[in-house]
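By written order: A, B, C, D and E. Residues from 1 in each chain.
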Amino acid sequence: MSKRSNDSITWGTFSEGLWRDNPVFVMLLGMCPVLAVTNSAINALAMGLATTFVLLASGALISLLRHSIPKQVRIATYIVIIATFVTIVDYAIQAISLDLYNALGAFIQLIVANCMILGRAEAYASRNRPLKSFTNALGMGAGFTLALLCLGVVREVLGAGSLFGIDLFGPRFEPWVVMILPAGGFIVLGAWLLLFEWLKQRKERLELEAAAETR
Amino acid sequence: MSKKPTIELRTSPHAHAGGDVVRIMRNVVYAMLPICAFTIWQFGLSALALLLVVTATCMASERLFNRLSSQPSSLGDWSAAITGILLALTLPPGFPLWMGAVAAFAAVALGKALFGGLGMNAMNPALIGRAFVQAAFPVAITTWTPAFFEGRFTSFVPTTLTPPFLQPPVIGDWVTSVTVDAFSGATPLALQKFEGVQMDAMDMLLGTTAGSAGETSALLILICGLYLAARRMLDWRIPVLVMLGAAVTAGIFFLIDPVKYPDPLFVFLSGGLMLGAWFMASDMVGSPVTPLGVVIYALMIGVLTVIIRLFGGLTEGVMYAILLGNAATPLIDQLTQPRVFGEQRVGK
Amino acid sequence: MTESLSFIFLNAVLANNFVLALFLGLCPFLGVSGKLNTALPMGLATMFVMLVSSVSAYLINIVLVMFEIEFLRLIAYIAVIASAVQLVEMALKKLSPALFRSLGIFLPLITTNCAILGLALFQTFKEYNFTQSLVYAIGAGVGFILAIVLMAGLREKLELSTMPSITQGAAVSLMLGGLLSLSFMGFAGLGG
Amino acid sequence: MGLFDLFFGLKTFAHGIHPPYHKDTADKPIRRLPFPPQLILPLDQHIGKPAIPLVKKGQEVVRGEPIAKADGGFSVPLHAPATGRVSGIELMPTPKGPKSNAIIIDTYESSTQEVLWKQPREMSELSPAEAIQAIQETGMVGLGGAAFPSHLKLTIPEDKTVDTLVINGCECEPYLTCDHRVMLEHPQALMRGIRYAMRATGTSQAIIGVEDNKMDAVEILRDHLPKGGSIRVESVETKYPQGSEKMLIKSVLNREVPAGGLPADVGVVVNNVGTLAGLGRLLPEGEGLIERVITVAGPGIVKPGNYLVPLGTPIRHILEQVGYEGSRTEFILGGPMMGPAVSAMDTPITKGTSGLLVLNEPSIEEESHKIWPCIRCARCVKACPMHLNPSILGQMAAKRKYEEMAEDYHLNDCFECGCCSYVCPSNIPLVQYFRIAKAINREQAA
Amino acid sequence: MSTPETEVMQQPATPAGPMIRTLMGIAMLSGFLVVLTYQLTKPIIEENQRRAIEAAVFQVIPDAVARKDFVVNETGVVAVTAENPAEGIPIYAGYDQEGQLKGIAAKAAAQGYADIIYLLYGYEPECQCIRGIKVLKLAETPGLGDKIITDANFVANFDALDASLNDAGSDLANDIVTVKHGTKQNPWEIDAISGATISAKAVGKALNLSAKALLPKLAPQVEKLKEDPPRQPPEQVEEQVN
């Protein structure tokens, strides 16, 4: 890969995290918040945004400092930086809404332990220019938020009959409580993965058939 | 000698004990039929409708997944029908039909199709379906109907015909209108746990109490189970040891505090223990194959059932105990591999 | 409310199992549960790290409260846990090189295992005293081992099954997690 | 087995199965069949190196004459079963499956077929080593089916001591009755053979284990026991595979042969009744093994019975003599549990062939069911006499985890008795899976 | 954090000086950022928390518009201020606009079905009864256990739940108990919810435990709460019900 292409920021830099290497659906990273807080769409969104913020801020900072961080202490440094931003987010959310803070509980602080963020710091931010890291982190964050929403929406609609707290089906709707329980989290994420796998295999099969026909 | 016969060529052994999977499965269905008949007699049209809808949904789902995975139909092995009937028997008789269908679909999809069908499922599909709706619709699944209520053959329990995705109506008024003596809306287990009232053993034996469709008559289940055991279609050690485990655990607590804890006979006869022990814990697919493993598995189910009943938040623990037993089966199997003939006893 | 030790333990093992109810430690739960003979050591290692970091977190918290710098709690905890893992890794390398070879790649994973940090944070939020924290850590560890070992057994069994091709991989592991989670719901309220 | 033993005093082993026994030919005395026009004599009728031919095409041979010599200590010679002319040495089908080199003899129809070649000797003068040598010269192998050279079996490894000779008279395979008939008709020869074997191995006691569905044999043998009590007869439970060495040792002596070990590891050497009766007759005369008793039975046979046939008799000849019927038939050499099915009518009777079984439609139909997935019913686990876990082995075999099967689940202890396949309600061909698995593991080890 | 050893070996050793300098720099930077955020958000968070507590307190003590914090310990009832933090069971006294003591709010907790249920309840000294409860934290089954919040019939139990002391003032005259749905006869009994018995029982258990522990100590000292009511009633916060 030439130096030039390595440095340029393309659509791919952003969209990589959104779809092809989606941190949740493809790389299965950061599962803990994915499942724990997605029992409602609003929680999912808040968690997604909080994570994106940490991802962006830590990515940018690490990228800026990448030449001055000695290799031996880089991971420790990354963790400290990430923890700093997580603490900031934690207080910010408390300040914005106590209810949201209570709903997300310790999982805000657990963003620190989200392997996605450390992974990005190590694999991307420490090797790329700030703007590029920033773009990539934005894509990753968006992909993460999207995945969280995918779960949050399904679980809230089925499990509570509402979306972003707005009642959808009227008072007589019987919610499927299991969906907002832990088991539902596992099952819905499993179902999403199954769906994607099915789509992928179908696409491969169709391509194979198309290739066979043209031959 | 003149005509040339075809010569068959197969591998040894050239003899077979006879009997196959389908025959076992069919016999399980036969054994459940009396229980179905009893529940229909007891709860009327609603129970019949529930049985039909749940079983039909199970079979339809099975066919659907066959088709999705481009497999030939596996309805012929009767396993989907068994799942359906068992599932229906574990639901409250007035359970809304649409929820029954959800349970049936969950049973086949999560419990079976996901793992590759018959023989591959990790846990009992019927119980997966039951656990799913227990978690999804906690209110409906704990709404009980009195046994032998008036007009059960001419009208449905009001909750049965709830339109899909809607909440079932509250049936308190209906219950008082169809029963003579006040029906508390509680199963024997709930009565014991929350009110400290112990039901008459005879009622529970004969099944004149409230409860899930198929669990009320301990006697009938016992007879049907014994039929299967006699025909060697199930491993009698499992139900016996499940009940032994339950009885001993219950007995210990009963001896500690006879006022607070129910006596072992009650534990035996109440709730789904009988049905679970004879028809679900004994499910071959989910139980260990090693002789020692079977003992551990069955005792574990019995003990867990009583522990959950006495100390847990729920009134009934059989379902969860069996599911956990199923989940632990691969482990148990691995840890209890029999000592191979000639293997040294010490050293390994 | 002071919680009895037995309740803390049972709750952490069963009803509020770290993996199956709180979703903590999912990465190793999904990643290392393929084989029983790696799952069990992984569980044991995690439990050990949990104990170490629970004690360290308890002590650190006393210091933080003393100087009223609780806002540094997160940074302090993660630093402590990282060092604890490092210590375990070094000890393991010395004591059992064979185990280290099979676990080596997972140990760094424990640092980013949210179960460890979660344990430290939860015990602080719940204001457990020292004994309670210790029991909580053991309960969480046992719960983690239970979940990962059950999962490993199931997955080894599934490896022999003729699963439809689309259900192979992470999806079915998650579904299994869901089914286990459903089964563990039966323990709700136990020990109260 | 402990409890069962206490209550009923039955000698037996744990697990195993009770298939229908069909011992309909038990009362049919041994009869000689006419000589076939052609004999096919594979050079590898025993386990070990094939014999080396001593004859050439066109050469005349007399009945009893050696026609092939042993290729070293792990081989046995072959003798001409009939007087005739060698018409060739060609590749011919064998019961083992693949074709192998065989000496073909065209028999002289006019010959009296008397044994013309013999070297009588006084057995009591031979040292054990000489006795072993003499046994090898007879070309005797295990007639129970294994076809393991008898002289090797009776040679005790130097680091082992053996105290007991167990004589296998169980004949646990359904249909087969040839050993039963030998015990009834040739008890003296058997006792003689036992004494020779005891001398060769230096054992002080001998136990004849006979299944309790052959009590007449037990009585006759007891009548012929020598004084002194060094030989005794034990009746054991009628159960398959009681006739397996390890099971029989467990039943009569309650000793367990270690996994992967030999009977000698527990101080035992086992021989089949047919083998020892044969030695008892052949050794003093100095003759070679040229004929054997086989049971011809099965629903497809018109005149079932126990027949004495020269080795190398093609099954076509036997079937012509006894008659068979059925539009779909299956020819099995040996018993139905372990015997291989053969497709070629030219396949000869060899030293290890204990029976010829012909199944036709009803019994074939019965076993041709669809294969279902394993439902983990554990019947195979309860049937396996080696206490293996065929259920998981079968599932692993389907996934081709052959090495793990051997490492974790003792695949190599399986001796292919067929109990698991017999009981499997899903009709999974477990034994066949295991054969393949073992073969592939062997191939990869080589 | 562990660094793979091989990598360390391959790297030329960075002098300790820059390493420490970087670490110090990073530490200072993060310390600065965290402290800054903390200082910025602290007043807002405290205000949020105060509102949340007041909303809850005013919900369980009808008519209260102002509150004052106390703790109950061995020495009796002690007022809590920022300058004078005291150890003990925290309670909140609620006052109306005239500064009259309307009630006392205290926390209670008990094991429910899924997890511990945390409650705040309002006690009115005049009628010696519990006038309202608010669930602070709940993990019960949605649709079932959370009926303790939504079920009007159940909530009505706390219009005036008797919590009077015995003559000696050492214990409750009658234990607060949850009874089977439809069988409530006495003012100290709580009518359970059909189908959600465990959660309803937990509420009764929590109230009973807390009242037993608190009220005998509190009752003799109620007068102390009436002294020095908060001078400036805080602004109206009814709208902030969360």
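We take it that a residue touches a chain if its C-beta (ideal position, glycine included) is under 8 Å from a C-beta of that chain, and two chains touch if they have at least 3 such contacts.
Just so you know, these numbers come straight off a predicted model, no measurement behind them.
Student: Any chance you could name the chains that touch chain C and chain D both?
Tutor: Chains that touch both chain C and chain D, as defined above, are B.
Student: Just to be sure I understand the contacts, which chains border both chain D and chain B?
Tutor: Chains that touch both chain B and chain D, as defined above, are C.
Student: Can you check which chain pair, C-E or B-C, has more C-beta pairs in contact?
Tutor: B-C
Student: Which chain has its C-alpha centre farthest away from the C-alpha centre of chain C?
Tutor: Most distant chain from chain C: D.
Student: Among all other chains, pick the one whose mean CA position is farthest from the mean CA position of chain B.
Tutor: D
Student: Report, in whole Å, the distance between the mean C-alpha point of chain D and the mean C-alpha point of chain E.
Tutor: 85
Student: Taking each chain's centre as the mean of its CA atoms, how far is chain A from chain B in angstrom?
Tutor: Whole-Å distance between the two chain centres: 41.
Student: Centroid from C-alpha atoms only, then distance chain A to chain E, rounded to Å. What do you get?
Tutor: 34
Student: Can you compute the centre-to-centre distance for chain B and chain E, using the mean CA position of each chain? Integer Å is fine.
Tutor: Chain B and chain E have C-alpha centres separated by 44 Å.
Student: Which residue numbers or ranges of chain C touch two or more of the other chains?
Tutor: Within chain C, the residues that touch at least two other chains are 71-72, 75, 82, 161-162, 167, 172, 175, 178-179, 182, 185, 188-189, 192.
Student: Please output the residue numbers of chain A that touch at least 2 other chains, ranges allowed.
Tutor: If we look for residues of chain A contacting two or more partner chains, we find 75-76, 79-80, 83-84, 87, 91, 177-178, 181, 183-184, 187.
Student: In chain B, what residues contact two or more other chains?
Tutor: Residue numbers touching two or more other chains: 110, 117, 119-120, 132, 135, 138, 313.
Student: Provide the residue numbers of chain C that touch chain A in the complex, in ascending order.
Tutor: Checking each residue of chain C against chain A gives 20-27, 30, 71-72, 74-75, 78-79, 82, 109, 112-114, 116-118, 121-122, 125, 165-167, 169-175, 177-179, 181-182, 185.
Student: In the complex of these two chains, what residues of chain C are touching chain B?
Tutor: The contact residues of chain C facing chain B are 36, 149-150, 153-154, 156-158, 161-164, 167, 172, 175-176, 178-180, 182-192.
Student: Can you list the residues on chain B that touch chain C in the complex?
Tutor: 68-69, 110-111, 113-117, 119-120, 122-123, 128, 131-132, 134-135, 307-308, 311-314, 317, 319-321, 323-324, 327-331, 334
Student: Give the list of chain D residues in touch with chain C in this complex.
Tutor: 373, 392, 395-396, 398-399, 401
Student: Enumerate the contact residues on chain E facing chain A in the complex.
Tutor: Within the complex, chain E contacts chain A at residues 1-3, 7-8, 11, 14, 18-19, 22-23, 26-27, 29-30, 33-34, 37-38, 40-41, 44-45, 48-49, 52, 137, 141-144, 242.
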